[in-house]
Amino acid sequence: MLQVKGGSFGYTPEKAILNNITFTLKEREILAVMGPNGVGKTTLLKCLMGILKWQSGHSKLDGKDSSEARIKIGYVPQAHQFSFPYSVLDMVVFGRAKYMSVFATPGKEDYRIAKEALEEVGILHLSDKSCNRLSGGQLQMVLIARALAGEPRLLILDEPESHLDFYNQLTILEIIKRLTKEKKIACVMNTHYPNHAIKVADQVLLLNDCKSVFGKPIEVLTQENVRAYFGVDSAIVRTRILGKEISTFVILNQSLSENEPGGARIEHKIVC
Amino acid sequence: MDGQKRIANKLLALFGLLIVVMILSLFLGRYSIRPDEVVRLFKGRMLLESYSDLKVAEHIIFDVRLPRVLIAALVGAGLSIVGASLQGIFQNPLVSPDILGVSSGAGFGAALGILLTSGAGLITAGLSFFFGLLSVLLTLSLVRVKEHSQTMSYILAGIIVTSVFTALTSLIKYVADTEDQLPSIIFWLMGSFANKNFDDLQLIIAPILIGILGLTALRWRLNILSLGDEEAFSLGINPKRIRIAAILFSTVITAACVMASGIIGWVGLVIPHICRQLFGVEHDTLLPTSSLLGASFMVIVDCAARNLTSAEIPIGILTALIGAPFFALIYSRMKGEV
Amino acid sequence: ETAQAETAQAETVQAETEKPEATSAEIPSDEARTITDLGGNVIKLPPASAINRVVVMNPPSISMLLSILPDTKKIIGANANAFERANPEILEKMFPEWQNVETGFMIDGFVANTEEILKLEPDLVFYYGNMQKPGIENLGIPIVDMMIKGENNPEKVSVAWDNLMREIFEVEASTTLAKEWEMSNDKAQKALSTYEGEAKSAIYLLSNMGGVITVFGSGTYADTWFEKGGLVNAASDVKGQSEVSMEQMHEWDPDYIFVFKGTPASVMLANQVKGQDWSLLSAYEHEAIFDIPQTIFSWGAPCSDSPLMPLWLISKSHPDLLDEDEFSKLFKAYYERVYDIELDDEFIQSILNGREETK
Amino acid sequence: MLQVKGGSFGYTPEKAILNNITFTLKEREILAVMGPNGVGKTTLLKCLMGILKWQSGHSKLDGKDSSEARIKIGYVPQAHQFSFPYSVLDMVVFGRAKYMSVFATPGKEDYRIAKEALEEVGILHLSDKSCNRLSGGQLQMVLIARALAGEPRLLILDEPESHLDFYNQLTILEIIKRLTKEKKIACVMNTHYPNHAIKVADQVLLLNDCKSVFGKPIEVLTQENVRAYFGVDSAIVRTRILGKEISTFVILNQSLSENEPGGARIEHKIVC
Amino acid sequence: MDGQKRIANKLLALFGLLIVVMILSLFLGRYSIRPDEVVRLFKGRMLLESYSDLKVAEHIIFDVRLPRVLIAALVGAGLSIVGASLQGIFQNPLVSPDILGVSSGAGFGAALGILLTSGAGLITAGLSFFFGLLSVLLTLSLVRVKEHSQTMSYILAGIIVTSVFTALTSLIKYVADTEDQLPSIIFWLMGSFANKNFDDLQLIIAPILIGILGLTALRWRLNILSLGDEEAFSLGINPKRIRIAAILFSTVITAACVMASGIIGWVGLVIPHICRQLFGVEHDTLLPTSSLLGASFMVIVDCAARNLTSAEIPIGILTALIGAPFFALIYSRMKGEV
């Protein structure tokens, strides 16, 4: 459904941030994009979304250039601030804009869908609250609801779990998983949490300046890869609690804490 | 929606206010006509009769006061809705209808017209409208498309164009004949509804109404624009196209207003603020309420201007003197939500 | 003279452009007459006897009316500026009702308020140029334009005004302004004919107020005044009315300075203008800074006293050719001829002495 | 060193967000504030900081009312956006402002300290970059460096690990820990990650509308408390990897994923 | 710092430019004085000699041109630094020096002075300065302290006060004697350096210099204010106190500028933008560069106004006509960083 082929992008001509990104995502699949800070995760999402233009290569959604298929994409950005205090419901209804003619205003149906989306993320009770009086986590939930209200084919989320408490983190991950499966959509999300990737993602894209790895979470998030891409020792621990086996990603940070903090990432940076 | 009904009620109330204010101001003027005579005249109009004993009164009500009240209402509505729209588009509460150079362009056109024809006829009006549009087109052409921070780019381009046209206007004042052209230009630029008639009304009614309808139709989209470009884009709409459309409607309105009554400041800046306090920030409600309140406000102010003294008080003085305390009141009731 | 010719021509022309309601109701058609005003409009007028309420919107032409009208009570509305540049004593003599005349109908001293005009119920309105027209047209009241487009010659303007007013009010008189001008021109030419040497330079100082100096350059009344007075305009490189700096005044360094309004000449001669040093100018050294006299109106603008202006200029710039005593006599005689008013010498002297500083 | 006694606050008179908060923090101690979204964590920090005023009760730093002692507090806020593009170094030097007289400009010493702070968080190489061209994570590091440049006695951080990749998360936690121990300062931080609290915090404050628990991480983050405050089943797992024992907080989310997502938090909300 | 040295060099270059421009403009004027005479006169001044053949020239250079050039430089520097400071304080690039009502207040004071004394003497200057300060104090007193969004609150209060004073000024114009006082008021408000002398310079030199020094001293703090209040507060400084201090310095400067030369727009808005493009956004450099560039710009423009024709060209026309292309050039080179 989503195909990216040889995509490259750089803010300045000298230095490309993204190099030759290639992957394919099928319906009902979730892709988790991972990588160190500043590697270009947000940039990748913006390219997929069409906010930034690929400098070479392309991405296609359902066979169409994704910038044309923009209406089918729901996007939840990373950082926020509003100059006008719209109510939560109004904010979510904005997600319906793309389906309406330029001169139209939202109708009953749009409000119904918006309320459904709010209910889905569990914040219907905030409907009438003003967006500039929400806590960071609440705002994040509102933005996710707004993307859902747009009934997207492809959902793009930039660190959706950030600022959420861990109940809400689980909720949002579950929602994303369920929607992806039920509504036959695909989903791309950035995350800094391997646990989350392992829990919901079907594919993981590990980004790096020159080389990126794409594959199943367990295959990609190996001890070697994590060390190469993040400079951290890690392990995936399987525990059996209350009769259920749980895989948990664990960071083995003794190496770090014994070194000078802030020192170089010794084993980091793969040779290009 | 419960909220929507409440808003409909408010709009209805504002509309009622406007009608009442307009009718009342037909009764008031320096030439004394008894209320019962006014009523008789209205009846006469409807029955297509004419009373010879009230010939002057008839002329005053239907040819002097009526067009003037209508023009004041249109201009008030137009400037206010434009202010509200542009403040949203540029996410800046200091934006007034002339931010992109319309007023200065239209002012220049009018000054040029007066210089060339020594009169405020059709040519002057036409030049005024033409240069109003031209100035905004210039501004738009100065805006670099690739610009990262789009709104700043518009505003800076607007400043450039405004300053050039203002300077050109001064230049015209400077070369104009001090005997009759200069006072005409100054008088015209000061803004006034004095001596407006149905010809003037005919000139502006179409552009202003079209503009108001256009902006009102776009009102919900303006909400999204006010979130910023990237956000709007990510919601699947094209912010640039909506912005251009809104700017063009705004320009048509403002140019027509300036053409009809010179440059009247303040209203377009302040009425939207008041409405935002009274009725909320949603452009959905903000635009219609601004235009209705703006119209009533302008009719009231103009009525005061006509009535308080025999030599009309310039509209600009009264707008501020009546509006400022009103604004201060609203402002002191604000809860810091702007 | 041109205006007169036009008028004569136009009288035979039918007023087709007139809107019907402007005529039929007010004027019985058999008594109607048409005239052409200075803006070239053909106007239907009632007979002079039926014109009893007159409104004048441009300041200087009221002086003509005062010299012509037997009954000045007919003037019921005027521009307030008409009285500011006038001498109150003369006003009192010629127009005792001047304090009671309606002036409030003017918006910003520029256009008329329609409802106020209608309240005045005038029979005739004088206005100045198309810009003053919007508030007064189509009211069923005859309106007369007093502006000759692009005419800067005060002689032509004042004569045209005089003739038009005489025609409107059907006044026959032995002393028309045209005749007065002829006499004045003769007198001036005669006086100046003996003068040899370079023409002296002068500045028409429109005003010096609040640090702002404004002069009349070329294309203004100053052209005619100085030509008739045997002077050249030092500021002729400036077009029209214009603000200039003190430095520019030094560059011009005129022999004479004639002050129209604002700070009076006496203050400049005492070098007491805040922030300006006049003491280095030649005109200061020779005490050649004068206030333009104000009688029924300032002589600096066209009015019914205009023929006196060139002679006064000569009396100031060439006292050897026409001294002040002689000018006083001419002044006195003019008032007797034109207005039938006797001015005593002391009063004439006070007018010629210039203005006091107003506080 | 930091004492909070009976602190209460509410944005509206009707509803108090914080009720009777009381705790004491000693030198070299780190307090992790935890709780669900919108419970008032950020609000608590703002009250400590003096941005918001306690409505009753007070907080004292070194015996002084903390709003007076503001100069001794370094604060890293939660969400960001800049209208003017200052360079990273300039931004960090702003942290020195409080030590300078009103009419002074930063001197060499200030720049040295700022660079030190940048080095400490490992982003000295970004010094000359413009702040509005940083990735979310980079910006977060800059703000932390800025707070450090102010040489605070009390460091307050609002979700310092959000937007950071897990290497940087560890780095920042290590830095916080080290500074607290070495420089004799105290630290209060919000976090949504029990693992982080367990790793660095000496004390945990579990916030709730009406009741809050204060104590050592292991004592506070019990299975019962987590269920009561967050509505999630959890356990702390101890694993031995590479010869080192590691405590990891694990969420047992089977109950959640089997229920309707977005449904009510069944066992959530303690009775007040 | 390498960067600091580079900035010092730029400042030095700008300062050199200013000096050159000022000296050159002493040589130029409508009254023709040969360059060698100018040089001789300068020598004479230094040797305390006086040449009787150059009496007028001496007067022109030292009593006419010199004070005028100095005033233009001061006003240009003052308005530009105020614009730069206030734009930072209010985090809004549309802010100009008169945002809080100074110009309108000072304009009103001057109009009142002209009305009362029929002249532009000391009383008028005093009233102008007084009302300039008063208007800002009024604005500040209108600002609610508890306000959440502080800067908006200032701006709205400024709008109210400005509109009231503008209306009052119009009212004065309305009652003023149309023959004498009105033209004076209008000319005065239009802004001009014509016929300024050492008395005027003496009046404004202290307030403007104090204000410029004050703002320059605060320059680094303004960076922090421009991050927003909460941020500034969390950095351990008191944003309100710094803002008030900067506002007071700005007010003193602006009031003095208006008192000296009427309301000169545009410079305070545009020069900071140009400097931001050329020298970066840091107030540390922005403030001194703005004031130096603003001073040079104003001296050049005023020199043109004095020299181009025998009639004084109103300064407003030239500021825009000279500044706009310059601004457009800079703007087209911008990289969208505002």
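To keep things simple, chains are lettered A, B, C, D and E as they appear, and every chain counts its residues starting from 1.
Basically, contacts are C-beta pairs under 8 Å (C-beta built on N, C-alpha and C of every residue); 3 or more make two chains touch, one makes a residue touch a chain.
In UniProt terms, the chains line up like this: A, D = ABC transporter ATP-binding protein; B, E = Iron ABC transporter permease.
Please read these numbers as outputs of a predicted model, since none were measured by experiment.
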For this session: Would you mind checking the shortest number of contact hops between chain D and chain E (Iron ABC transporter permease)?
Result: 1
Exercise. Going by the contact rule set out at the top, which chains touch both chain B (Iron ABC transporter permease) and chain D?
Worked result: A, E
Exercise. Going by the average position of its CA atoms, which chain sits the greatest distance from chain B (Iron ABC transporter permease)?
Worked result: D
Exercise. Between chain pairs C-E and B-C, which one is joined by a greater number of C-beta pairs in contact?
Worked result: C-E
Problem set entry | Centre distance in Å when chain B (Iron ABC transporter permease) and chain C are each reduced to the mean of their C-alpha atoms | 41
Exercise. With chain centres defined as C-alpha means, what is the inter-centre distance between chain A and chain D in Å?
Worked result: 24
For this session: Could you give the separation in Å between the centres of chain A and chain B (Iron ABC transporter permease), each centre being the mean of its C-alpha atoms?
Result: 46
Exercise. How many angstrom between the C-alpha centroids of chain E (Iron ABC transporter permease) and chain A?
Worked result: 52
Exercise. Multi-chain contacts in chain D: which residues touch at least two other chains?
Worked result: none
Exercise. Among the residues of chain E (Iron ABC transporter permease), which ones contact at least 2 other chains?
Worked result: 174, 314, 337
For this session: Two or more other chains in contact with one residue: find those residues in chain C.
Result: 108, 239
Exercise. Which of the chains touch, listed as pairs?
Worked result: A-B, A-D, B-C, B-E, C-E, D-E
Problem set entry | chain B (Iron ABC transporter permease) residues within the chain A interface of the complex | 1, 88, 91, 217-221, 223-224, 226-227, 230-231, 233-237, 242, 245, 281-282, 284, 337
Exercise. Can you name the residues of chain D that touch chain E (Iron ABC transporter permease) in the complex?
Worked result: 49-51, 70-71, 73, 75, 77, 82-86, 90, 94-95, 97-98, 100, 102-106, 111, 130, 146, 150
For this session: Spell out the residues on chain E (Iron ABC transporter permease) that touch chain B (Iron ABC transporter permease) in their complex, using ranges where they run on.
Result: 92-95, 142, 144, 146-149, 152-153, 155-157, 159-160, 163-164, 166-167, 170-171, 174, 266, 269-270, 273, 313-314, 316-321, 323-324, 327-328, 331-332, 336-338
Problem set entry | Sites on chain C touched by chain E (Iron ABC transporter permease) in the complex | 80-81, 84-85, 108-109, 207, 209-214, 217, 235, 237-239, 242-248, 250-251, 261-263, 274-277, 280, 358-359
Problem set entry | Residues on chain E (Iron ABC transporter permease) engaged by chain C in the complex (per definition of touch) | 29-32, 55-56, 59-60, 63-65, 114, 117-122, 124, 174, 177-181, 183-185, 187-188, 192, 194-197, 199-200, 306, 309-312, 314
